[in-house]
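Here come two complexes built around subunit A, the first alongside subunit B, the second alongside subunit C.
Entry: the complex of A and B
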């Protein structure tokens, strides 16, 4: 039986809702309000001066502020799409290896993959910066054994962002593998048995049964992967500082640099609001895409 | 096949049934991916044990000729590692304790009370999960200034004492606690708070364990917020921020051993916790991801 109890209800709800209200919802509303103000982060909120959409005009304008922001926005979009496009298929592939029962080692694989998800991003950054070292690093040495020429990794504008995607994939893929396994366990085994009776091979079963029934899991994973990807910060802050030639300047790094280090709170907030809107569009688009795929089945 | 993996408790065989050609492919894939995935951390530990000369060789040396712990001693000299570890432990422990209490209470309210606006309020709570921290960073930085907790561990901890994921997870699990159990306690005169802590909490121990581990690891590893709120107060730095100073200690290859030793030290607590308790992690991800 459920109850309607006013006193205890308040006691239960107050701590969490007050904390979330003060430290998440209020700052979110302040970000939106500040995006319309001329305001220095060094000073109180009372010094903010309303300037309409000027901040947005500037961050999308032709000046250097606009150029840097648009580059950061584009880099973040590329980084996010690349991360999601690599992580989701790998998570299904690894998930199948963990889930299958015929060959031992699935749990060992899961443990190793998920361990890197526990590693602080700062340590991932430190380790990979040394792995990528062009002369003393092991990655170019291994490529050499495979007769592949040495890469410049983080030190070339052509490969730096991709190198950060790669270390991010290494850190995150274990988490998404566990999600994929959770999705796989929901698929009734009888479907596969029926398909086998009908003469379907493993490839046909995968594309006709596994993938369609993993759609909800993939949608959930996709949303989380997008939210995680826009948070990339440590490798950029610690190693590339957005370079070489702005090639790794991503939004979390850029917004913090503008809004905190340069104290341009209004401009930084306008960038944060743009990021929030972009995320809403991306997530809605993902849901629409998943629904359309569902109707085609 | 009679090959037996020594690491598994039940002496499971490499193959369950007579292997098909496909099974050899699966085995190769599992071994190959495991080795590749384990490589960065293995390289980290190996390099932390090398001499400075070995870390600078081209092509790189894989195994140290005579493993040495010198780099670890050097880390202790360059950064105040003891203090940083203590700061990390305080941040992670207090934040986790706060999250457990607020999540248990709010999770109970959302699972077991009917009240006007419950659905809407819960939707707002869940929506905050999807908000990347950078979106609120600038005003939050100013807000903790108003509260006079910037530059201190309190400034790192207080804004994170409630957490939407925790509330969500607790609600999912507390829903499964039978109402009859709660009503029996009410008839015996137990207060609602007493019911939460002495009846509900013991029934959802696996979820509490999972949430505690998640929160601890997340806040042990957290970098962006402590860096922003602690700017310059080096004596308050958690280990992950102190570590970043190792990279600028010496440019280029000179600091490699030092960096790897520091990274190994910071990685140990979360990874050891995970390996010991991975069952809880995995179960809670499964239930939050699928039942959600």
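Entry: the complex of A and C
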């Protein structure tokens, strides 16, 4: 019986397993191997020279390579945390607003919110680069009408990364709102009716019913938002090129600069492996946090 | 009936074979550049003119923003499917040649190039004793200033010394109008370090001597301190200085809209200024770089570009590419004994390097804006072409930008720049 089951099972699993192995697992293993080599991306793998952990020592070292990498790592972490911290609460807020079925135009509002996600990032980036123009940009003109002094946006190292976060929030929040709405539809109305009978107000219902029952949706949204944020590339490549003073230099852009522009494949791979490990740690920590929250309830 | 069907099939197969044969005989050559669409159109027109006499060669042009050019070359240019021809910045040459991405110029053509271009330009297009392409443009830096703003501030002549430069920058600064005296650039490596280097060499200094960085010199100390003075006194506002991947952005907007009194920029800037300013371009004048206290005369930085051929392209593609480049850069492809490449470069305000082009386009080179650059050229120092040059440039950029934004003092920026440069060039030379 066991042999009878194993044959078809293996046949069915093989295509997916082979594809995953060839296109995902193999490149990951190759990147890990390359991170331990001195290798130029313009030469064959046969020219790679094993140097142990030297690449990792250099990217965390005190030299210019280490300084730029650590800045890019910190920028990526700040960008990710800020993006997720703004997008998730906003998506729940917008989700609650557009989920009101008695309100006319809810579907239209949902469509408008989601439409920002459908616009290609490259177009969003080009438009926002003009919106942010310190001298002629509409954003500063609007602030001027409100008697708020013009902001430096992308032109200052103190505000450039925040400006990129704002652009990301605008583009992504619609998608996460749709996820939040999907989560809200799963909450039985009877729970709210029972809470109302027990005298619970809207605020109590939100914190005692809505938020706990949205936990799984929020966990999924959180993981996707983190992965999306870590992969930020277009706005940096098109508008800021990592500047001013590396203030918007994020890891994906920096890995491209080191690994491709400078052909330092070993160093670039070490950076990619570090990014992968950081992402794994962040996602595992998020799952652990969510599980712990669930157990406490 | 059966005979008719067989004959029809035979004719069809013959036709197919003939068309396949014709297709197989066409050599495809692709040209990668960072030029703007209107310049790309001129290159495409030149390619079409060449293809009329060479129907067996199909030339396509692909343009990417300057910020993506090196990455595109690195990512795809090194494969057989990458661009056959590419325009490159000469500072990238040693690294690209070391990685065997570029084909050396065939011997017969190299002899022609050596006789038709100045020796210094040929040298800048060579590395390891081999010539790697056709030199095309030369760029040199000079001071550009807004005559209208100068008149309004009561300044008669362009500054000749750093003292006059600082005095003029002060007079031109008017914060109530959002106006700065001198415009710096940030977020673009060449845009940051070329104007800085021009001031450095005009103060008697150098970036690299005999392959070793010399940013620890007194001349460099003075240049870092000049930047610090400009920023600390508000004569230069770094938040008006950002560039994007197309090398445009607020720094360009501020000069063309009359909010920046002076800048240090290269001659290729002319086309951007003309399109941004329209009739207001008449207010722009060119002058030599002001001389620092340790300098002997106005000096500047120059750099050049060249067209190279992909070493991984097939032999037929390489042959077609070199033949096309020889025609494009030759004296029969452009107007009045000039080359088509020279004509394209002149349309952007860029100085051609072929000796016969300088003569053929002498009327256009007499334009007051370009003449200011031509006058600067004889005393210009070539930007160092060394292994690790791009990384060296980006490291220096970070320190100059940190100085611009007050995140590092002049002394710290100088020390950091020298220390980074020593490590980067030593590692690249291994």
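One rule holds in what follows: the second predicted complex is superposed on the first by the 274 of 297 C-alpha atoms of A that agree within 3 Å, B and C clash if a C-alpha of one lies under 4 Å from a C-alpha of the other, contacts with A are read in each partner's own complex, and residues count from 1 in each chain.
The definition used in the following text is that a residue touches a chain if its C-beta (ideal position, glycine included) is under 8 Å from a C-beta of that chain, and two chains touch if they have at least 3 such contacts.
Every value quoted in this text rests on a predicted model; they were computed, and no experiment measured them.
By the touch criterion defined above, A:246 lies against subunit C but remains apart from subunit B after alignment on the C-alpha atoms of chain A. Between subunit B and subunit C, B touches the greater number of residues of subunit A. In the superposed pair of complexes, A:238 makes contact with subunit B and with subunit C alike.
In the superposition on chain A, A:157 contacts subunit C only, with no contact to subunit B. By the touch criterion stated above, A:24 is placed in contact with subunit B alone, subunit C being left untouched.
By the touch criterion stated above, A:133 is placed in contact with subunit B and with subunit C alike.
By the touch criterion defined above, A:183 lies against subunit B but remains apart from subunit C after alignment on the C-alpha atoms of chain A. In the superposition on chain A, A:123 contacts subunit B only, with no contact to subunit C.
When the two structures are aligned on the shared chain, A:256 is found in touch with subunit B and with subunit C.
Note: residues 41, 129, 133, 135-136, 237-239, 256, 260 of subunit A belong to the subunit B contact set and to the subunit C contact set alike, using the contact criterion stated above.
By the touch criterion given at the top, residues 67-68, 70-71, 74-75, 78, 95, 99-101, 178, 186-188, 238-245, 249-250, 253-254, 257, 259, 390-391, 394-395, 398, 401-402, 404-405, 407, 420, 423-424 of subunit C touch subunit A in their complex.
On subunit B, the positions that touch subunit A within their shared complex are 5, 7-8, 12-17, 19, 22-23, 26-27, 29-31, 33-34, 37-38, 40-41, 43-44, 47, 55-60, 62, 101-103, 105-106, 108-109, 112-115, 121, 124-125, 128, 130-143, 146, 158-162, 164, 167, 179, 183, 191-193, 196, 217, 220-221, 223-224, 227-228, 240-241, 243-244, 246-247, 253, 256, 259-260, 262-263, 266-267, 270-271, 273-275, 278, 281-282, 285-286, 289-290, 292.
Interface residues of subunit A, counted against subunit B in their complex, comprise 1-5, 8-9, 11-13, 15-17, 19-20, 22-28, 30-31, 34, 41, 44-45, 94, 97, 100-116, 118-124, 126-131, 133, 135-138, 141, 144, 170, 174-175, 178-179, 181-183, 185-186, 202, 217, 220, 223, 227, 230-231, 233-234, 237-239, 251-252, 255-256, 259-260, 265, 268-269, 272-273, 275-276, 279, 283.
Taken together, the subunit A residues at the contact with subunit C in this complex read 40-43, 63-64, 68, 129, 133-136, 152, 154-157, 237-246, 256-257, 260-263.
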